[in-house]
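There are two complexes below, and they share chain A, which is joined by chain B in the first and by chain C in the second.
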Partner chain A sequence: MNIEKRFIRKDSLKKLFDALVAKNKVVYAPVTRNGKTSFRIVNDFSLISGDYIQTTQSSKEVTFPRTEKILDFEKNKDGIGVKPVDIQPVHESVIWGIRPCDAVGKGELGAIFNWDSKDEIFNARVAKTTLISFSCSRADEYCFCTSVGGNPGNTEGSDILLTLAGEGGDYLAEIITEKGGAVMAAAPELFEKDPGIEKDKYLASLPARFSHTEIRNKLDKFFESEEWARQSLRCIGCGACAYVCPTCACFDIQDESHGKSGSRVRCWDSCGFSLFTLHTSGHNPREVQSQRWRQRIMHKFSYMPERLSVYGCTGCGRCSRGCPVDMNLLEHLISIQEVTV
Partner chain B sequence: MRENIYLPYQMKIERVTYEAPGVKTFMLKFINEEDREKFEFKAGQFGEYSVYGVGESTFCIASSPTRKGYIECTFRQTGRVTNALSNCEEGSIIGFRGPYGNVFPIEEWKGKNLLFIAGGIALPPMRCVIWNCLDLRENFRDVTIIYGARSVKDLVYKHELKDWELRKDVKLITTVDPGGESPDWRGEIGFVPTIVEKTAPSAKDTIAIVCGPPVMIKFTFPVLAKLGFSDDNIYTTLENRMKCGFGKCGRCNVGKVYVCKDGPVFTLAQLKDLPDEY
Partner chain C sequence: MDELKNKVRELLGSGTVKVFIGYTTGTAGTKRALFAEKPEDAEGLVFDSSCIQNLAVYVTKQEVKEKGMMGISATLPVMRSLVQLARENQVSDSGIKVIGITPESRLIDFGNLSEVEKYIHQFQLEIDQKNRDMLEKLDKMTVSERWQFWLKELEPCFKCYACRAACPMCYCHRCTVEYNQPQWIPVPSHASGNLQWHIMRAVHLVGRCIDCDACANACPLAIPFNLLNKRMIEDARKHFGGYQPVLSGDHLMSTFKPDDKENFIR
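Right, the complex of A and B next:
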C-alpha cells in the first residue's frame, strides 16, 4: 500500500481519539503518573501525556502481556479437563502515541513468535491492534534509533504516523496500512489535504553513533572477549532492561492453581536472571553475570539478525534510562565497535 | 499444526516401571484416538511433560518410533515437576507436548557398525535409538552397547539389559564405577571411558553415539579419537534448560544454535564449532 499523506489540525486530534473510543476500541495511550509515563487504557483525551520523549515501559504488553493465560485446567471425577485459552474474544485495540522505535519493535517481536511455529495467541493480539505512532521531534542522550536502521520519523510497523508540524500543533498524518485507512474512515472529515508539509524539517536530529553491521561482524569473533566482564561488572542481574525493552520476548511457563482448578501462564522472563538457564543438576551454562550480559547483546545484535533477519534492538534507549546501576547500552555498543579484538 | 502451540496432548499413564532409586519409566497412551493416530516422531526427539498445577519438564522420548501407539519417558526425581510426576500413579492423566528437535540420522547409518556408549540416566535418550536400530536390525552390521552407572542399583532398564545380553546380534558391556559393584556383579568395574578404551571397538565403518554426564562425555571423546573415530562419526545429544521447546523462550541456545531446534542431536564436529555455553 502506498503511503497516503493527509493533514490533521491540532483540535482535530481529540475528535479522532473520541471517534475511536466511540467505535468501541480499547485505546492505550501514554499517561504520566509520578514521573513515569506508561501506556494505559484511556477514555478521556485530556489524560494523555504529550510531553514525553519515551514512555518508561514499551507498549509490548498490549500484544505480549506480562502474564498471559495459555490454558485452563480443572481436576474432575474423570481425571482432568484442559481447555486452551480462547483467543477469539481479544478486543480491537489502538495504541495511541507510540514512538516509531516501538512500532519497529512489533516486527522484531513478531519475528521471534513466528520464525518457526506460529504463536497464534500473540498473532491474534497483533491482528487486532492498530498503531497510531507519533514521530519524535526531540531525542535524548539515550536514543539511538538511527544507529540501528531506524529514524525519528520511521513509518515501519505503524499503521498511521503523525508528525507534529511546527509550533501551531497541527500534524502531518501518514496513512501507512489498511488498518490505518480504517482509522481514517472512522472520521474522514478530520483528515484534510496535505498542504505539502516537509516532514524532515520537524524531526529530531539524531546522527548515527555506531554502525550496526560493523558491530554485528565484530560480534562473530567477540564471544571470548574480556569486554563482556568489563561492561557488566556492575550489573546486578535485576532484569529491568528486559522488562522495559520493546523486543525482549524471553518467557517462562508456569502453572498457577487454586484448589482443583488453575491456569498455565506464559510470563516475561529475562536472560539477565541467574536462574534463567540453571539446570536441575545445579549446572548453569551461564553461571556468571558477564555471560548473561554477553547473551543479551549477542542475541540482539548477532543471533537475531543472522537467524531472523532483524535486530533485537530498536534504539529506544529504555534499558539505559531504566538501569538502576547506569549501564548504558549505547556506550557499550560504541565500545564494542572501538575495542580491538 | 495445533492452533495453540502450548496445548499438550492428554496422556494416560498406562504403566509405571521402577528403574533405579528415584528413576521411573512411564508408558503413556494418547487419550484422544485421533491424536494417537496422527502422532509421529523420530529417534532423538524430546517433549515437554506436565503435571497440571505444577508445571512442565523437558525430557526425551525414550521409546522407539517403531513401537506404535504409545510413548515412554524415563526420568529421575530431582526437581518440582519430576517429583510431582513421580507421585503420579497408573491411570493418571498428564500432559505431553512434542515431538520437538532434530533426529538421529539413522537412515545414513545403514550398513555401518553402531557403537552406543551411555552413562547413568543418559541411557533413556539412547534407548530410543537403540530399539529403533534393533527393530531394523538387518540394516546394520555389528551393534555394541557399552553402558555404565555409578552402582549396580543405578543401572536403568535392567530387564532390557538382560534382553540385550542374551541377543546374539548385540554385544553388551555393562560396567559400574569402582566400589559400585555388588557381590554377584558379573560385568565390568571401571569408569565408562576406561572400559571403552579397554574394549577398543574398531572405528572402521562405525558410528559412535555417546550420551552421559558431562564428565563422562569429556573423557570419552579423546578415547574415541585415539581409536580413530572421526568427529563426524560421533553423535551425542545435548540438554539445556527449556520452557517452550520451539525456539522462542530464549534459554537453551548455545551461541546462535538452539538446542531445541538445531539439536538436541549433534555430531562432535558440530559441537566443536559451538562456544562453551552448555
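Right, the complex of A and C next:
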C-alpha cells in the first residue's frame, strides 16, 4: 500500500497509547531502570522513557523470547508423549518507540527463521505484532545505519513511523502497512491532515562510514587475515553483543524435566561462546576467540547476504555500546575495509 | 604517563616482555585494553582513574599467553588478582612482569610476585561504605522482601555471561553451567535459572573474589549481582577473620578438619 501521511499533535500521543491499551493490546515500550532502557510491557504512558538514542536491548525478545517453551513431554506406559505448545494464546502486541533500525531487524530475523523450515511460533508472534517506530533526530558515535542501507527515517519494516517535527513536539505519522492502518482506525480523530511537514529536515545527520557491499566483497578474500586476531585480542568471549543484537538468532535447545515430565526450551545462544561449536569428540573447529569473532562478522556481512539475500546488521550499534571491552563494530568494519589483504 | 611509556618501550625493546597489557583510549573517550607488542605501540598507552577494567582477566587467555612473556600495568585490584591467580597456579614469575600503579599514579617496578604480594598486604580488603550500607539495608529486609528484591533485580539477566568473562577468577575452561550430564544449573534465563547461576558464581568466588567489580561493570544490564560477592566478603571477614590473596598457604575455604564443630561437613 502507499504510505499515507498524517499529523499527530503532541498531546495526542498519550491518547493514542491509551486507545491501544484500551483495545487490549499488549504494549511494549522503552522503560529505563538502573540507567538502562529496555522494552517492557507498559500500561501507563508516563512510565515510557523518551530520552534515549537507542535502547540497551533490541525488541527481538517480543517475537524471539530469550527463553521459550516449544513442547512438553511426558513418559507414560506407552513410551513418551509429546505435546507441542499451543501457539494460539500469542497476544496481539504493539512495540512502541522502536527505532527504524530495529524495524529493519524484524525482516532480517524473519529471514533466518524462515530459511528452510518455517518457524511457526516465531511467525505467529510476528503476525500479531505491530511496530510503531520513532525516527531518529539524534545519533551517537556507535550508530551506523546509513552504512548498511538504512537511514534515521527509514520506513522499512515499520507499520507506522512517527517523526518528531521540531521543538513543538508534534509528529509526522507515516502509515505504512495495513497493521498501521488498524492502529489509525483505533483513534482516527488523532490522525489529522498533514500540513506538509518536510520530514528530512528533522532527521539526524549520519553520513555513511563504509559500504556494506564493499565489505562483503572484501570478506570473500579475508578469511585468513591476521586482522581478526588483532581486533579480537581484547574480546573476552561473552555473549553480550549477540544478546542485545536485533538480528542474532542463534539458540540452544534444553530439556528441563522434573520426574517423568518436562519441557523442551529454546534459549538464546551466542557464537562468541567457546562451547558454541565444541564437538562431542572434544574437537572445537573454532578453538580461539579470533575465529569466533570472525564468524560473527562473516555471518552478518557475508553468509547472510549470500544465503538469505539480507545483511545481518542494521547499524543500531548496540553490540558496541553493550560490549564490556569496547569491541566497536563500526571501527572494526572500517578497518576491514581499509586493510589490504 | 611518560614514565609508563618509557618503561614499556624499554621492556619490549630489550625483549624482557613480548606483550604488554595496558590501557588505551577507546570509543568516546572510554578506556580499553591495549596489547603492546612493539616498542612504538607504547605510544598508545594511557592511564587515569577511568581505567577500571581488571586486566588480569587476559593473563589466562590462550591467545595472549601464546605471545610469550607478558607485562602488565597493574592497579591494586589487578595486583590482588595476579597473586590469587598465582596461588591457583594460573600464572607465575616465569610468565609475567608486573608494573604496579599506585593509587597516587606512581609506578612500581616489581621484581617478582612475592614483592607484589608484600605490597598488596599493606591494604585491607574492605567493602566501601556505600556498598556496606546497601548490604545493611538488605539485612534489615524480611526474608520475603529480600527474595522479592533479588527476583526483581535478577529478572532482566539474559545470561550473556559477561560477568563471568570479565572476572579474572572465572578462568575455568568449562564452567559448571556448561555441564549437562547431569545438569547442575538450569540453562534458561528464567527466575530459577538466573538465581541459581548468580548464587553458584558468588559461592565459587568465596575467599577468591577481590572486590574489583569487573563483573558488575561488564554487565550490559547493570544488574547489582556483585552485592552477593560483597556479602560473601563481609561474612568471611565476620566469621573467618577475612582474607587477602596469598602466594602460598591455606585457602580460607579449603581448611577442612575432621574435628570441625559443624556436623554437616563430616
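The rule is short, and it goes like this: the second predicted complex is superposed on the first by the 340 of 341 C-alpha atoms of A that agree within 3 Å, B and C clash if a C-alpha of one lies under 4 Å from a C-alpha of the other, contacts with A are read in each partner's own complex, and residues count from 1 in each chain.
Keep this in mind: a residue touches a chain if its C-beta (ideal position, glycine included) is under 8 Å from a C-beta of that chain, and two chains touch if they have at least 3 such contacts.
Note that this is a predicted model, so its numbers are computed, not measured.
A.B. asks: Kindly say whether there is room for both chain B and chain C on chain A in the superposition, answering fit or clash.
C.D. replies: Because the two structures are overlaid on the shared chain, the partners are seen to fit without clashing.
A.B. asks: One more residue to check, A:36. First (chain B), second (chain C), both or neither?
C.D. replies: A:36 sits against chain C, while chain B stays out of touch.
A.B. asks: Name the contact category of A:279: first (chain B only), second (chain C only), both, or neither.
C.D. replies: Once the two structures are laid over each other on A, A:279 reaches chain B alone.
A.B. asks: Could you say whether A:73 touches chain B, chain C, both of them, or neither, answering first, second, both or neither?
C.D. replies: After superposition on chain A, A:73 lies in contact with chain B alone.
A.B. asks: Is A:115 contacted by the first partner chain B, the second partner chain C, both or neither?
C.D. replies: Touch status of A:115: first partner only.
A.B. asks: Contact-wise, after the overlay, does A:252 reach chain B, chain C, both or neither (first, second, both, neither)?
C.D. replies: Once the two structures are laid over each other on A, A:252 reaches both partners.
A.B. asks: Figure out whether A:289 sits in contact with chain B (first) or chain C (second), or with both, or with neither.
C.D. replies: Second partner only.
A.B. asks: Could you look at A:198 and tell me whether it touches chain B, chain C, both or neither (first, second, both, neither)?
C.D. replies: neither
A.B. asks: A:234 contacts which: chain B (first), chain C (second), both, neither?
C.D. replies: Once the two structures are laid over each other on A, A:234 reaches chain C alone.
A.B. asks: State whether A:51 touches chain B only (first), chain C only (second), both chains, or neither.
C.D. replies: neither
A.B. asks: To the nearest 10 degrees, what angle do the lines from the C-alpha centre of chain A to those of chain B and chain C enclose?
C.D. replies: 80
A.B. asks: Determine the nearest approach in Å between the Cα atoms of chain B and those of chain C after overlaying the two structures.
C.D. replies: When the complexes share the chain A frame, the smallest chain B-chain C C-alpha distance is 5 Å.
A.B. asks: Does any part of chain A touch chain B in one structure and chain C in the other, and if so which residues?
C.D. replies: After superposing on chain A, chain A residues 252, 254 contact both chain B and chain C.
A.B. asks: Across the complex, what residues on chain A touch chain B?
C.D. replies: 70-71, 73, 75, 79-80, 82, 84-85, 87, 112-113, 115-121, 223-224, 249-255, 257, 262, 264, 266, 269, 271, 276-281, 283, 285-286, 291, 295, 298-299, 302-303, 306-307
A.B. asks: Looking at the complex, which residues from chain C come into contact with chain A?
C.D. replies: 26-28, 30, 32-33, 35, 53, 57-58, 61-64, 156, 158-162, 164-166, 173-174, 178, 180, 186-190, 193, 217-224
A.B. asks: Mind listing the chain B positions that touch chain A in their complex?
C.D. replies: Against chain A, the touching part of chain B is residues 1, 3-8, 10, 50, 52-56, 78-79, 82, 92-93, 95, 214, 239-241, 243-244, 246-256, 261, 275, 277-278.
A.B. asks: Across the complex, what residues on chain A touch chain C?
C.D. replies: For chain A paired with chain C, touching residues are 33-36, 38, 56-57, 66-67, 140-142, 229, 233-234, 236-240, 242-244, 252, 254, 256, 265, 267-268, 270, 273-275, 288-290, 320, 322-326, 328, 331.
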